[in-house]
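Next, two complexes with chain A in common: one pairs it with chain B, the other with chain C.
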Partner chain A sequence: MSEPTTRTEEPEAGLAPPANRFTATLSHVVSDLGRNGIFIALVAVIALFSILTIRGGDSILLRPQNISNLIVQNGYILVLAIGMVLVIVAGHIDLSVGSVAAFIGAVSGVFIRDFGAPWWLAILLSLVVGAIVGAWQGFWIAFVGIPAFIVTLAGMLIFRGLALVVLGNANIGSFPEEYRAIGNGFTTDWFDTGLPLDPLTLVIGGVAVIGIVVQTWRARVARLQYAQEVEPVAWFVAKLVFAVVGVGLFTFALASFKGIPVTLIILAALVLIYGIIQNRSVFGRHIYAIGGNRHAAELSGIKTRQVDFWLFVNMGVLAALAGLIFTARLNLAGPKAGDGFELEAISAAFIGGAAVQGGVGTIGGAIIGGLIIGVLNNGMSILGIGIEWQQAVKGFVLLLAVAFDVFNKRRSGR
Partner chain B sequence: MAEPTPGTPLVELIDVHKGFGPVSVLKGVSLTVYPGKVTALVGDNGAGKSTLIKGLAGVQPYDSGQVLVDGRRVDLHGPREAAALGIEVVYQDLALCDNLDIVQNMFLGREETSWGTFDEGRMEREASETLRSLSVRTVKSVRQKVSSLSGGQRQTVAIARSVLKKARLVILDEPTAALGVAQTEQVLALVRRLAEQGVGVLLISHNLADVFAVADDIAVLYLGQMVAQIPAADTDRDDVVAYITGSKSPEGEAA
Partner chain C sequence: MRPRRIHPGPGPARVRGPGPLDPAAGVHFPRPDDDDGEQDGPFVSTPILEMRSITKTFPGVVALSDVSLSVARGEIHAICGENGAGKSTLMKVLSGVYPHGSYSGEIRFEDHPVEFGNLRDSEAEGIVIIHQELALSPYLSIAENIFLNNEVKGPLGLIDWHKTNDEAAKLLARVGLRDNPTTRIMDIGVGKQQLVEIAKALSKRVKLLILDEPTAALNDEDSDHLLDLILHLKGQGITSIIISHKLNEIKKIADSVTVLRDGKTIETITHDEVTEDRIIKDMVGRDLAHRYPDHEPHIGDEVLRVENWTAHHPQDSSRVVVDDVSMNVRAGEIVGIAGLMGAGRTEFAMSLFGRSYGSRISGKVFKNGREIRTRTVAEAIGNGIAYATEDRKYYGLNLIESIKRNISIAALGKISRFGLVNDGEDFQIANEYRRSMNIKAPDVLVPTGKLSGGNQQKVVLSKWINASPDVLILDEPTRGIDVGAKYEIYTIINRLAAEGKAIVVISSEMPELIGICDRIYTLSEGRITGELPAADATPEALIKLMTMEKAR
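Coming up: the complex of A and B.
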């Protein structure tokens, strides 16, 4: 996965010019580590559970099947986290996404079971219903001016209720194979070579590695062209090697299990698309402006209501997609589906560095935050820690992450 | 009323009215702003200065009266319409987003795009050029976050933002209110430079020292009426204070 966070912060003002190459490298390492604390935290959590889950010389957490599972099990939370971080950046919140996911799962079941819709039509219509749900909530938030907290709290109840109504107090089970693929499928389902390492996965992983190298290299060259400061070669290469090795190992793990999960393909596409929206589109920039200073955004001619409205339409579609992936994975649309998803998605965004007051947060951060929660869930389950302690630990991690953020900001004088 | 500065007016307000419910804030105000001149708008709190500029900015349209730009009648119903006519406002609270950098703030609401995504290089270049054309040297990097800037630097960015798109009338609302002595000097010099570039400047200020330092014309609002618009050279501090406090009125004057 490419890292879409391009935090263009300048080095701290008033920093004395580094005396020699060693201290220059050191100061870059320190400032980078401080800036990417959340990524370091993910690496630390993975390292911790890799060691704790070693059984007979083999780490269960790092087994290819488990790595693949980790992605698939958390896919729907990560999809929600992408939408949620944008909502939070604009200074809102969405408590309804879990209920909406359940509602859409049920709706898709009805499309297939009662209306006999083909799988692709069912998925398409479900996403449209998600957009309508988002438009409904966006209307109250953007044009009536009711706080998102209230509207989506109501939505949490409304759509949980409607999910039960649609299901008629029963589960809908047994979905078509193609539908189930979005939660359960792998590339080897279609292109199976029977080799111990799936060649297609290796090729795609290789392309990703080349993409990362080319992209970071071009960014460095561009900075040099504009005569901007660049990091020392040693640190640049070290980071690049780390990224390449990480993606490489991940690719080998997937290739030796069943190939690339369909959920990961969906997720990768979303991260790329939303990374561009976040960093390079007018819509994305306006989301940040609204979160930073709503009044200033309005005076600059930004149509803040429209941005708010479309933000929630977008969240509705992503909640619908998460609901579909979850339903596909369980092969079941049930009344308890999506329970607590909103809290995991919100936690992911905040652990990933989003600020409660808005204006700050990145999709990359939210994804990493979601992965931290995922690794915690997975690792603690492997260790046989009960669900009650898992909850407590996750709560504690959320608090620590935000406290760390607050501490960091205070130290840098903001 | 005293003789206005000769030449073709850039913006003319003729008999504009604005009320909020039963309260009438602007009671038939006329004002003329010339290109390349600094016109100071003074008046006590509640005289209607803010309402007057919000009308010009298109944020709160006037109830009645005419607005002429280059002698042609225009309707101002939104910030975008005002911006399209080259009217830009720098608000007192600066209206910058702390979480964005200088370039992002200067282009907010009018980002340059190519193929649907930002043309960052072009925006950065234009922002730097604009700052340079205003002889701004206090800002280290245009990629600095606005939250890291001092009050004077923020004011500078806000003013640079207003002239980025070839503004013709820049309205400055109390630009020096929160600044120290040195920073005030810098901003006033910037105001003069704007006028030298041919931009019409409407400066709202409480500080008469600032007004006399930079203004060509002084317009005085008193309780929603324009009581005087006089060349700064033809008047003095006591005179202007008398207009502001209402102890001197256009009818009874012996100027």
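Coming up: the complex of A and C.
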């Protein structure tokens, strides 16, 4: 409002008449919803299946046990999606993660069964092997210059084959209890009070709620400090309430089943760490710069090859972790493990708003994308829909999500 | 049906074989033996092409303003002008790349008005344009390229390969090529590729052939061959428009020359009046006053010295692109590098800046008297060298990212600890640059792709200033920017020099270099051909040095 205006009754900012403030808030809400369309889609999918799975006045999808299951069943896909979205942002792809997960599951089995390694050493060594696998692929991609599509397609075959070699045509079963915990464990396994609501879970949920409130408030204050535009108070509070209620209900569900799954603890830690890498680290900035314009990044002094290399090392470690969680959950390292994981992880990233050309995508989006796939899987299974239709529906959802994104971008003139 | 004409030339003008062809095709060709026009007295034939009062604007820029061009039937007509004078835009208007309706004015071809909606429309009339970057598919054969999207088909609509190769061989003979038509394009040299393009044009029964800088990428022998071919085609009645910087070439083959400057027609010179001096005068004659801010140099010690810098083409490592260049720049000094497109200016700068271009690079770089290494971009930046590219969009900016993230990307180390970026400081720095560089945007979170060219360039400059270099190499810093923003950029350059930075400006606009530099090097064919203090630099003197060719 720097230029002189003829409307003398124009009030100061913040004291706008209700009609004005309402429209301003509304336009903010609309643009916010447009930007977070994928989150709305997740809410819609949950709502849809909550209603469809109502049996005798009780929604099966929303039963505490099912909610807990949803997380544990999809944990390994979400772990992969975190690494995958970074790979995609840099303009690459990784088709090998499913095979690598199977390979690492088998390797960890060998460490425990044949070498008698303790569970923690087996896990540690398995992650190191995952890093070596990632370094192998990163070497060909970053330093030899072979497209990631080719290298990881080869990797898909190589590590599936090596998984079979390591297993020697047999499954490896019965892992130590501590190992199994990463896929099957709950906090109540260690701190069981026997109460109907697990107090530890409630405390952690409460801390999470406080964390969310404090963090969003600080972000708002910081924006105001740098004279950035902030959203209207009403909408800010509404969003905060929604988040708090959502987390609260989720906590309540977990507390009334077995507490917090260990997989969720791992996942939460990863989201926190990788969120910081994505948003605040120099490495994260470099990934986005490379994906947005590789030439410009190179000419800005970014060591693009190193970044590519370490991205794939990271992906190898996360694929290994996913393999460990999956193996722990089944208590079995088998030749079929990890089949199709790569496609689910890639779908999650793209549904979550990542762009094929690179430069765009967030970990939060990939997690939401993965959850959408997870809820679809879970909901359709409860409804007794066959695996064939589940596949087809997931395909349609992927296509629709990306089409919506393309449409949205075209409309906003980018 | 019209009886087939017997062509006295070395090959038939029509090559698509017998059949019911467009009856208009070829009938206007003058007999080849009166190609000279002057043998029968004054040049009386009606123009084949007339473009009247063409005006074409882009958002914020008038590219062509009331341009008129008249090309006589059967002549070779050259179009000259500095980069950005509007030559290519005019040819794009003519060939339908900019469709009818996107410009104002009238085009008449063969005495009737034409309104082309795309390239195919103009090709249907017999106007074919051959761009500087050849439009050939490297993995397809010569014959396949010639008949691409114009395939020779048999009765079932399937491609008749025998006839395709047969017709291609005839066309190749007309352009003086004896290669097998089944040879892949990638297996023949650039010179021959250019001839294939012309054969392709002939297959479309071309009446007006437009060549955009046809010899820019050719060696002397190939250039001579190409020029001879254009003269030979003229003998067959084909009119040509040739866009070229090389004045000696123009003098050799052109019947008339139209000079454009700043999107306007200056004049058309014909026949004997064509002299290099007159073309140069037309190309550069403009008012230089008040377009450049005053600059009082305070020149200090030498900061950067380059000795015997040589670089070869990245693919063809036998081709020298930068040839034994030695230069220096002192603190507070603005040094210009003048050169035409293809002279090796950008290649020199990029090979220097972390070997971002070329192969087999040799030479020495000294900073403040000590030899330094610039083998990677990071090393060059670490040694205080910055390079702002000629092509902002492809090499300079991440267009989908914010102003803020673009500005800080080359110097993230300054605002990070333990690998974590301090976002608040990042904001503060970006906001400071937004104010000091006058970047017009509501906030620093706007993606740079949404900014105008001038503001994008300010972001690029901010990024490099933020990297606190001692030497700034600015490659075409004002290309594609409107006049007002140009002035702002010049002011920024002056300010940086006043702060004691050593500045190298690469530009193909001579007035710009004369207006802002303290000293100017000229570059031609990869070699330094001269060094002038700005006081002695006139456009005429510069262009002579810039077009100086190796002794043949």
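Keep this in mind: the second predicted complex is superposed on the first by the 395 of 414 C-alpha atoms of A that agree within 3 Å, B and C clash if a C-alpha of one lies under 4 Å from a C-alpha of the other, contacts with A are read in each partner's own complex, and residues count from 1 in each chain.
Simple rule for what comes next: contacts are C-beta pairs under 8 Å (C-beta built on N, C-alpha and C of every residue); 3 or more make two chains touch, one makes a residue touch a chain.
Because the structure is predicted, anything quoted here is derived from the model rather than measured.
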Q: Report clash or fit for the pair chain B and chain C bound to chain A in the combined superposed model.
A: clash
Q) Between chain B (first) and chain C (second), which, if any, makes contact with A:Gly292: first, second, both or neither? A) both
Q) After superposition on the shared chain, which partner residues are touched by A:Val144: those of chain B (first), chain C (second), both, or neither? A) neither
Q.
Let me test your reading of the model: by the given contact rule, A:Gly301 touches which partner, first (chain B), second (chain C), both or neither?
A. both
Q | Shared contact residues on chain A - chain B and chain C | A | 276, 280-282, 285-286, 288-289, 292-293, 295-297, 299-302, 359-360, 414
Q: In the complex, go through chain C and note every residue touching chain A.
A: 353-354, 356, 376-378, 380-382, 387, 389, 394-401, 405, 408-410, 412-413, 416, 419-421, 423-424, 427-428, 431, 443, 445, 447, 449, 463, 467
Q.
Under the stated contact criterion, what part of chain B meets chain A in this complex?
A. 59, 78-80, 83, 89, 91, 93-101, 104, 108-111, 113, 116-118, 120, 140-141, 143-145, 147-148
Q: Flag every residue of chain A that touches chain B in the complex, lowest number first.
A: 8-10, 13, 276, 280-282, 285-286, 288-289, 291-293, 295-297, 299-302, 359-360, 414
Q. Considering the complex alone, what residue numbers of chain A touch chain C?
A. 222, 226, 228-229, 276, 279-283, 285-286, 288-289, 292-293, 295-303, 359-360, 414
